[in-house]
């Protein structure tokens, strides 16, 4: 134990701050990586290069354990705590273990809900880095996503105010097509080598996206809890400020760019997936993509460092990847494929404990149906977290509100509520078994 | 020369990408720093800890050279190029040299204007990191600034919908004042230890800021060229989404938080300056600050890593600090004080070449009046950059537009235009001389 | 027949314009009224004073016939045409007849739908007056309604910016309560003779309505088809322009003031009903009324002339009241009670033919449930209009679009469609019979 | 004297309500008109047909007296009072007199400023009709103006969403041009008899107005003091609700339609002036008119009754025209030309007293420069109203606020202030004399 605390009941923060962190260089060495394999971000974080995977590709994968939970409650079921705890227990038993979890949104960090680094002696550290900028991946997601959103409105404004000729010149200043334009040329079935080759009709079809301002599904994003910008009207001011329209802001982790970060298997795949992001439709109901807008390349450049998993440590000094953080309610709610793939090689002969967001019916099913389908990986075991308090709540216990003292029913024995609540657990076990994977319940 | 290029006329990008970068660790060692003094951000960037300054405080400062220019033109006068070139020339002469420049906004990077890392063989590298996320400082500025903006609208919404009692409970959930609240208590001349001690009148005065929605001067920010959000209406939707009002977005580098980053001399000073940010006034025309809103601490936490200067290198491998990037038109337009102070100690016995934004009448005057006043430093020399093309333009040459070929007048000899244009240069020399500093003109 | 037309197939407009109108003075005399009983509005319209009712109160009522129709179709079933036609037929049979119909909205007049004065030889004339300003009643409704809406936003603005004392002074400049304020005093259970008598708490309760800007149900209105103002944001600009909020415009005939005009039995009743209009709720979910806002008196003044029924004529020169025009889909869709009451006395011994909007399941049921309940009148007969074309459509005939040529199925015999469509008619007959009133079907 | 009041200090309202009004029929007869010449609007108002002018065209005009005032103050200088008083004095002297004044906006009537019917024994009656709907002229102005505004946004919406072909069909459902379209054909230099004759290019030029949403200068209007709609965003909601844009509402009397009502000399002139109203420009900066939008005819129909002057009476029973009410600050601020022309014939051998809005430097100059230039009439005399109170104020007296008691300086003799203030009067006299017209000052 590298934590040295005197208080008999230390808080999560006490524990996290009392931890004597191991230099990330030591952990890197321990898991078989060299300085060339990583980029340090200070002394306790590092990004691991993806080419490591290629070097270790012949190693057998470690055992792959997915931690999920019963239906979530305001109490928190302790998925992250169980994930970290399980890793630390396996380490204590002498096993090689790698922990993989999501990076939390910075939004709730400054609210009642607080940070999300696990709890007690089962945490990812340094806690503050974990909860704030980390290595800037969410900032990169926000920058890439909002660059796309800006391109949408800028394009509408320019198509509104420019003739076909002027627009052609603005898009092809050198008189030749940019590489991304060829994708669009092919899509439209147009044969041309230079803009000048285009017929007037094709010029119009090619240079004008005719985005329907009422069919734009892309909001802007920000990684802050800022309700005032959920619903906004943009484009006010002068003609150069674009066309006024109603839109809104989402939390950054709800971005499709974040979902893509968690699914992409390499830079090329990232680029392709970004290019396919649909921002809405044109006036004829055809989808319009980031590729059509010519910004997929720029977005990928902004995301290239973010694609490398972030190496951190558990409170007991074990290696942990914290990478990607798509919300489970609106996205697929799982950490990144590249982090799991790397961990499975780096912990070869041991165990990788990865966590799925929300309840088994949401996070675990998306883990199976989306993440594993994209990665080709198959878990060896599913752990379902079910605390007594949460089961009581599902059994009909009184309502719980964040920031308000817990009702008495959750503090004393109540077998009746507990029994009623096990129905929820049973259902999640059945769901997990349908995927043909052994299930363990963690209380 | 560490650049190896075959083409006789290589582009800036060719040169930057052909450069054989020195590991930042080598540069770090060369300037007398140890691993404990820095946080690496990959292999070619590092943040330097501010306590280094304390260790070297008895060293004499290096000579302090400020590079500025004549009135700016769309042609670009080459301030950054001259700054880097001057550094490299001094290095060639065997001098110890440190270069200090601003971090550019990511906004123009994806537009016609492009990046801003200098040009030719006078650049800061790696060029891509320089122009994009770098170490995330601008992202931190955006996060801190927008957290403040969100707090403004959240506060108005809560004061609109909560009774004094409910508001008190929301702000002091534990029944005691948070540390930042004592500042407000003192400001209002109220004597109380706990919320319960407050009289009904004081409770109202203390818990209600009564922000005037029409007197809010703080916009939100984003580091993207996104004209569509210059003028927006926020707070639409339901009552929980706040009070509808007209506001807008600025570019991140225009934030007061960025200006503060460039002026703060240590973390405590940073915290104090953030606390004093005025977001507008209350209905009685009293200023309302970040301190009053209770978010100055959280903002400082978000900014704490950003305060450390970013160590990079010039194309010839000399040390360079790239730190802070306030716009010169709306802010003070100079790189950070902490970077200059550190550089002056690290290059002791040699030279620190630092750059001021815009023309001498704007960037250099702000350098003298604001930056030097806050730092206590005095420059030993001012260099005024004046290209022949820019002088021609000030002499009445034809209009120049970004992205359009240069008029002939700028490509051939034209003594008449040049002579007329020297009036501009003469005026800037006079300005600089008023500060009692020797002036050198660089063509 | 007072129409003299040469064309064998004259249009409605040809017929209306060829009509030799009788001076309204002649009609007035014929129905037993004197010059003192009416106010002329030009030579062919007059408003009848309500005190006439008192003079004729001992006369027995005429027979009361309500004309309604099957479920409406875009074809128009011809309710107004049948209403006028029935009146003219009864007149031809030597009966004393009075026709009562609604004033149409000016909105659709300038669209595809066109005016609504009936058709063929069954019209109300002068057609142009009928379809445009008439005697200004809808303008009066708009003025009264929008005065109320302006008072809502002005009140919110003033309560936002004024102290209790300043607000009291603004509302009671002379230091005494206005008459309407006593109603509010009583409602709040406050005992006071002058503003100065109010305790600080009562002052606040009494002078502040605390209208919830999110609970305002009153839109503004305009008698024009103007889709662009259906959804608007108002209150932009400076603080004096009020609080920004999302609201919208409805068509004037959808106003509750219009519904009240049709239901009020005298000026006092009109005043009371206007006072009870609910504009939304305060922040505590209590309804806020026009009375609370102190504008019910002013609204009534604006409506006082509008309350007098407008005397016009059918194409054959019979007397007709055109008065009030609430929409049937959102309001009660019937002409005014005072017009029917006056007509029943003026046509004593004869017939009053009145029309209900929309299908029997809507217009006729509202006639029975709302209008007759308020007036105490009982109809002697219900006429259901059912054209062959409309029945075919209800039998599954092809879709009909306003402004597009009629499908063939409606121009040739098609017994199958017709038979299927009679189910609709049968259902309406059943509905009408439930009220215990004899039913006649008009084809 | 037809007023019978007991109180020694009756209020304006007391006097107005105690007045025994003469039936408008008597006044009509007295001034030589028959029933065929007028349309009654109740017993005390009538609209006079414009063809009367033709019948009396050979009569010599009466003397034409314009009443104006010194620079206006919050005190009110009493222009209307002096106008009525002058008429009544001339009547008392046995002269034939006609009074011509503007109809006031209904907006201020419900505010502090109150109605505007003159004061004391110099009023136009019935006061209530004068201040409220009168005969509906302002309502007609609002309806016509807002029909135009609705057409602007509907047109933008339709051009946005329809192909050239669909737009052609919508505008020419019968396949032929509407009469107003020929004006546009000629304007564009296109030769075609039917829509089918148009080339694709001409079709586009002809059917598309390409209105620039940022260059629309036409606001909507309402005759209510409603600050909340001064600045609005319209067009929110779905695509069918049009293009969102920032616009606003003005008071109805500020409408160009109102200015036109005051200047038009007959129905044809009214139609032509309405057609020339510019609503803004197209994207190529060409003006777009009501004619281009095809609504000038409909607007004229809505205005046709409004063009007839309203005959009322002064408190002593003399004839008065109340017609048109353009604001003097933003429009030309004078009553209608047709009213003055009719009055000059009807009072042949006597006097017509007409009133100009605001001070002589505004209302009187516009009377001369705009109204008289359009009518061809030349006044015989200008009367400048200058009360002692107003002169004191111009002499430097204390500030006066509507609704607040008058400062002492205005209630007692103060020769010094008065003397200083006469400079204002002198200047107005000089202005009037420049037009070569005799000037009389009324105190």
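For reference, chains read A, B, C and D in written order, and residue numbers begin at 1 within each chain.
The definition used in the following text is that a contact is a pair of C-beta atoms (placed from the backbone, for glycine too) under 8 Å apart; a residue touches a chain by one contact, two chains touch by 3 or more.
Just so it is clear, the model here is predicted, and its values are computed rather than measured.
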{"item": "Interchain contact steps from subunit B to subunit D (minimum; 1 if touching)", "value": "2"}
{"item": "If a chain touches subunit A and subunit B alike, it appears here", "value": "none"}
{"item": "Far-end chain from subunit B, centres as C-alpha averages", "value": "C"}
{"item": "Distance between chain centroids, defined by C-alpha means - subunit C, subunit D (Å)", "value": "30"}
{"item": "Intercentroid distance (Cα basis), subunit C paired with subunit B, Å", "value": "65"}
{"item": "Computed distance of Cα centres, subunit C from subunit A, in Å", "value": "58"}
{"item": "Multi-partner residues of subunit D (each touching 2 or more other chains)", "value": "233, 235-236, 246"}
{"item": "Which pairs of chains touch, using the document's own definition", "value": "A-B, A-D, B-C, C-D"}
{"item": "Residues on subunit D engaged by subunit A in the complex (per definition of touch)", "value": "161, 212, 214, 233, 235-236, 238-239, 243-246, 283"}
{"item": "Residue ranges of subunit C touching subunit D (in the complex, touch as defined)", "value": "39-43, 47, 106, 110, 128, 132-133, 135-136, 139-140, 142-143, 146-147, 149-150, 153-154, 157, 173, 220, 222-237, 240-242, 246, 295, 298, 301-302, 305, 403"}
